[in-house]
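Paired with chain B in one complex and with chain C in the other, chain A is shared by the two complexes that follow.
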Partner chain A sequence: MDLAYQKKYLPTKITVAGYILLVSGFLLSVVGYFTNLERSAFNNIILLTFIISVGMGALFFIGTEYLSGTVWSVPFRRVVEFVAASILLVPFIALPILANMGYLFHWMHPEVVEMDELLKSKAPYLNAKFFIIRVTVFIAIWWLIYFLFTRNSLKQDETKDQKLTKTNTRLSAVFMPFFAITITFTAIDWLMSLEPHWFSTIFGVYYFSGSVLAGLATSTIAIIFLSEKGYLVKGISQDNYYSLGALLFAFTNFWAYIAFSQYLLIWYANLPEETFWFLERWEGSWMYVSIGLIFIRFVIPYFGLLSQPSKKDPKRLVVMSFIVLFAHYYDLYWMVMPTYAKDGFVFGWIEIGFIILAAGLLISVFSYIANKYNMVAIGDPKLKRGIDFKL
Partner chain B sequence: MSSVEYTHEVSVIEGRPTLRSLDDLISKPLETRPDKKFYIALSITLSMLGLFVIGLIVTFYYGIGTWGNQIPVAWGFGIVNFVFWVGIGHAGTLISAILFLLRQKWRTGIARFAEGMTIFAVMTAGIFPLIHTGRPWLAGYLFPYPNQHSIWVNFTSPLLWDVFAVSTYFTVSLIFWYVGLIPDFATLREKTSNKIKKLVYSIFSLGWRFSNRHWQHYEMVYLILAGFATPLVLSVHTIVSFDFAVSILPGWHTTIFPPYFVAGAVFSGFAMVQNVLIFVRKIFNYEHIITIDTLERMNKIILLTGSMVGYAYSMEFFIAWYSGVQPEQFTFINRAFGPYAWAYWIMVSCNVLAPQLFWFKKIRRTIPVMFVIAVFVNIGMWFERFVIVVTSLSRDYLPSSWQYFTPSLVDFMILIGSFGFFFTWILLFTKALPVVSIAEVKAVVDGSQPSHKEH
Partner chain C sequence: MKDKILYGYAALFDSPDDIINATEKTVEAGYKKYDVHSPYPIDGMPEAMKLPPSRLGYVALVVGLSGALTALLLMYWISAVDYPIVIGGKPLFSFPAYVPVIFEVTVLSASIATVLAMLFIFFKLPNNAHPLHGTDYMKQVASDKYGLFIHAEDEKFNEQEVRRFLESLHEKEIIPVYYDENEIAFKPRLLEPKFVMYLLAVAVITSGATYFTLNKLLYMVPFNWMMEQEKLTPQSTSAIFADGFGMRPPVEGTVARGEAFYPYKNMPEEAGNYLINPLPMSKKALMLGEKKYDIYCSPCHGYHGEGDSRLRGQFPNPPSLHSEKVRNWSDGRIFHVITEGQNAMPSYSTQLNEEERWAVINYIRALQRALNAREADLN
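== the complex of A and B ==
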């Protein structure tokens, strides 16, 4: 196969911008930790679950491509693999939280648990030891899957061995149950247990839907940037982009469906054990945040991606992806912060610092990895079909 | 693995048949008289249908008291069968609409049949709420209309949403099915020499002349209808799940119900489609159209959706414990170890354990084994609804009224009869309409795609 692929390096501008964001975000959050530890720790949870979402969403995308035998996304897959590398950051972001869990999780305090019948009954699950074991095991699984996926994919660049595709397909099948379980319990551990009395069986699916969107949106931004600037192979057309838009659109609807199901069922049954979680998000200025969530996470991307041309237009896709990605951060903020700020939403330099840190982390890791390897999986047997793909 | 080859697309139709031979093969059942086997099959399904009729006559003459329903189990087989049959219908829409949007070519061989099953399954399902209202001749009142007494239906009841959801679903499925049939009607119109048939096909083909312009319109309509049908697949079973989940009954009220019901519906629907297609491909010699690869893909979807259902069961169990709410915990322990434990474990082993065998390629490709697994899946999915409805109701908040539910003979007659109703339609369908889409299959045969100069 003679593909006109030549390895190009990202402009230093991007790398430098990434590092500047990273350093300034890091400094801001460190200062944040020293000025308001509790608030920073809550922000840290948002950051952590956000990065997990991006990484896991990307891994899910890769796994689905192998399992379904998709061809349109093959010219992009390496880019998605780069995005998935953000999963490597998770332990470093989790560390400051694990050191300050007492500020975040009610159930960490034995004296509180002693007084609270419900928490006492949950103690076999919600305790520091088991929590840390779960977090460690999950990270180990994610790292392992990431390394196996990328190792095989990179090896294929050299050997062009088709069997590696088969290996990764099998790996994807094994990965999917682990993906479902780990992402569910990540959502329960980091987000749901912030309000340890509250429970919702759909919560894992809710976080899953947002995570897929975050992974997709980040990948779409990176893919379109690289492809339009000519870092990937020639021959990629808007037909290849179309499905990125269609998937963003589909999962936006899926998120809305899950969010609506959760809300409607709790609202309708009106049981105090469940409703308080939504009531907290409806009191004071939180009401505006809740209403805003519907618009930013559903209404805007829905209408922005509804028509067929908009799913193909690279510019529109990038704008919508940024909105979707921001909406995921917003969604996490909406889930996490009401526990910290009961009277109304807070937004200040600490929050901004963590957002800058998130951007810095994603860009830095991406540009570091992207410069290291081929940006296209040139050994993939489906690559030619992917480039020739027509709707 | 020997078959490692990703560089080119493998055709979903085996052996590169000529387009003419496809026309002939697919329209053959419509041009030949039914054979003895067909009449034997029809007499079996009609006998079952007879049971249905008897069951209904008994029900209407003596009343719902002839069923096993009691207090507190006021919802018995009626709603279980309703949910079961609506679920069976879901595979058709998933195959015809969602797989179409996902550009899965292997759907072409099975889409028509699955869509037909959707329609018949929804028809079967629709009977149960009608019976359950007790006075089916008053069903018209289910639709809200302005009237002199200003009497309105209860808009806040999910049972009413069901009326809207199911009737919309039925309408769109029917239109979708019919639109797909138009080019085939035209093909049949050209082929037949029988005058009456020609007239009928001419009317239904709406003047189709295979012109480029017709195809362009057709494809646009088909795409838009697929877009409409896709949210409907989700909405119908979502609303069916709301029937239970908006209540405060432990075991019914849980937020995962909507996606869990949808996954379960697709799961059982695929199992049913797979079961029936195994016969169809054999009897009509469609083995190269509905290939073993296609069946394998269906089995993969059964594995996927079965695992989703397993995830939902586990999540319900875990959160019931995690919630710390006593009635919730009791309900689930009661399900697994109480008087209905037998039903619960039938459900778990059929729905969660049996499909796990599809992890093995060999089993995915062995017809007798996959057939048995899919039968188990359907049994399991019926029991799933039974477990949800009966275990929760029979152990409600008031222990003094707890009762064990025992279905009556009439219940079983209606259950068996519903299968008779469904399969009678299926049998008639196989002799009245092309069960595989002629036009679509032709488009995916090797050699029908535009090819470039390298050939």
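== the complex of A and C ==
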């Protein structure tokens, strides 16, 4: 196979920018922890679930590619693997939260649980020991899957062994059920248990839909940047971009469907133990955040990605991906922060610090890994077909 | 077979790239009336054919939006205007409940309209015959070949030239397509016995299946499981209560919401003296009174209160409401009669709430005034 791929290194500008963001975000959040521990811990949860979303969304994308035998995404699958590397950050972001769980989860306090019939019956699941076991096991599973996926994929660059594709396909089949279970319980543990009285059976799917969007949007931004600047192979065309855009569009609709389903059922049944979650998000200035969520997460990406040209034009696709990625952070903020600030939304330098930290983490991990390995899976047997892909 | 007319020339290709290439050449050669047939939509074909962007999407947009609006107005009209019922304590106009309906109607109407528009505009629907139907050419492009067809009506059409042109595309399989006049002139006959028999068979099977499903199948296991519920239905017996009745009366002394306790039980004179009609002689009150009077009072008292019963002697006729006695009764005294009943007349307190009773009294006053007008009313 004659593929004119030459390894190029990312401009130092990007690496430096990544580190600057990382360091300034880190300093801001450390100062935040010293000035307002509780608020910082809540922001830390947003950051954690955001990074998990990006990493798991990317892993899901890789797994789906292997399982469905997709060819259009093969030329830039390695980029998605780089994005998935953010899953490696999870334990380091989770540590400060695990150290301050008492401020976040009121099911942590035995004297509160003792007084509360509901929490008492949930205690076999919601207790600190089991929580930490779950988190550890999940991270172990994710790391294992990530290492196996990338190890096989990188080995294929050298050996061109077609069997490795088969191995990864089998691995994807094993991964998918674990993905479904771990992402559901991640949503329940980190987000839903902030309000331990509240429950919504669709909540895991809700977080999943946002996660896939976050992973896709991050990957799309990276792919288009690298491809347009010539870091990848030649021949990645509008048709490949169109498919990425179509997936973004589809999952935007999926998110709206799930979000509305959750709202409709709770609104219709009108049970006090469920409705208070939405009422909190309608309290004071939270109302504007809730209305904004509909627009930022659904209306703008929907109309922005509706027409065919908007999915083929790399520039518009990048803009839309940034909006979708921002919308996921916004969504997590909307899910987490009302528990901290009941009267109205709060937004200050601590929040900005954590957003900068998120950007810094994603960029620096990406540039570190991208400089280390080939940016194209040159050994993949489907690569040629992926480059020649026509809709 | 004698009147075979040439419809056009067709050529078959093996790959989508070949057909795109051939299409571009056809456009270059200046043919206008040609068509391309393929088993699936080929990306890049509209560009190769130099087609303007399809406007079918606008049909979907317009019809979809009108579908959404129709569904919204329909739901609004049903649940907030025509038959306003409070469901689950929700406001009459509850948008979230309408969203699924709006969504479904939008998708349904847009997709149906798009398909119909395509059938009518492109395939000229009432016409269901086409000379290409049933040809070998059509059979092949419907499975694994890609076909290019040049119409004989094209201005540049010339049998030899077209043949040469298609050969120049390195195509060996060139098929002339003929049709005969009968095929186009064919008129379907509705009363053909075979057609009628089919129609009859379909009708019998459909109605039989519908009857079976709705009257038998739904009452069989497991579809009847939902009907078997551990609860007491109205009028059924119960072993729990000593008297065996499933339906329980309200607790002694229960007062319905919005109704005050009636203190003048068996005290008609006191009721007449102390009860005061709270309703004004307004049009609204009289309309309500008329409606309720016509429903509950008129069967015995007659539409004008003259005691002309419509029950033809099945029930004793009441005296006229225009008597001196009733005219001189106070409103409270009449209220007492409606509330408690009198002689053969039962209590109407369950049928008419307090406001309605007072409205009926207002209406009776209007009836009485109509037969015994004062001199002042003449002005």
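FYI, the second predicted complex is superposed on the first by the 391 of 391 C-alpha atoms of A that agree within 3 Å, B and C clash if a C-alpha of one lies under 4 Å from a C-alpha of the other, contacts with A are read in each partner's own complex, and residues count from 1 in each chain.
Quick note on the criterion: a contact is a pair of C-beta atoms (placed from the backbone, for glycine too) under 8 Å apart; a residue touches a chain by one contact, two chains touch by 3 or more.
From a predicted model like this one, the values you see are computed outputs, not experimental measurements.
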Superposed partners chain B and chain C on chain A - clash or fit: clash
Touching partner for A:239 - first (chain B), second (chain C), both, neither: second
Which of chain B and chain C A:162 touches, first, second, both or neither: first
A:281 touches, of chain B and chain C: first, second, both or neither? neither
Partner chain(s) touched by A:205 [first = chain B, second = chain C, both, neither]: first
Partner chain in contact with A:77 - chain B first, chain C second, else both or neither: neither
Partner chain(s) touched by A:297 [first = chain B, second = chain C, both, neither]: neither
Touched partner set for A:39, first chain B, second chain C, both or neither: neither
Which superposed partner A:382 touches (first chain B, second chain C, both, neither): first
First, second, both or neither for A:117, with chain B first and chain C second: first
Partner contacting more residues of chain A (chain B vs chain C): B
Superposed model, chain B segment overlapping chain C, candidates 185-193, 239-247 or 311-319: 185-193
Chain B and chain C contact sites that coincide on chain A, given as residue numbers: 264, 268
Chain A partner contacts - residues on chain B that touch it in the complex: 1, 4-9, 101-102, 231, 234, 238, 242, 245-248, 253-259, 307, 311-312, 315-316, 319, 322-325, 359
Residues of chain A touching chain C in the complex: 239, 260, 263-264, 267-268, 270, 390-391
Residues of chain C touching chain A in the complex: 43-44, 88-90, 96-97, 99-100
In the complex with chain B, residue positions of chain A that touch it: 68-69, 71, 117-118, 121-122, 125, 162-163, 165-166, 173, 177, 180, 184, 188, 197, 199-205, 246, 253, 257-258, 261-262, 264-266, 268-269, 271, 273, 380-382, 384-385
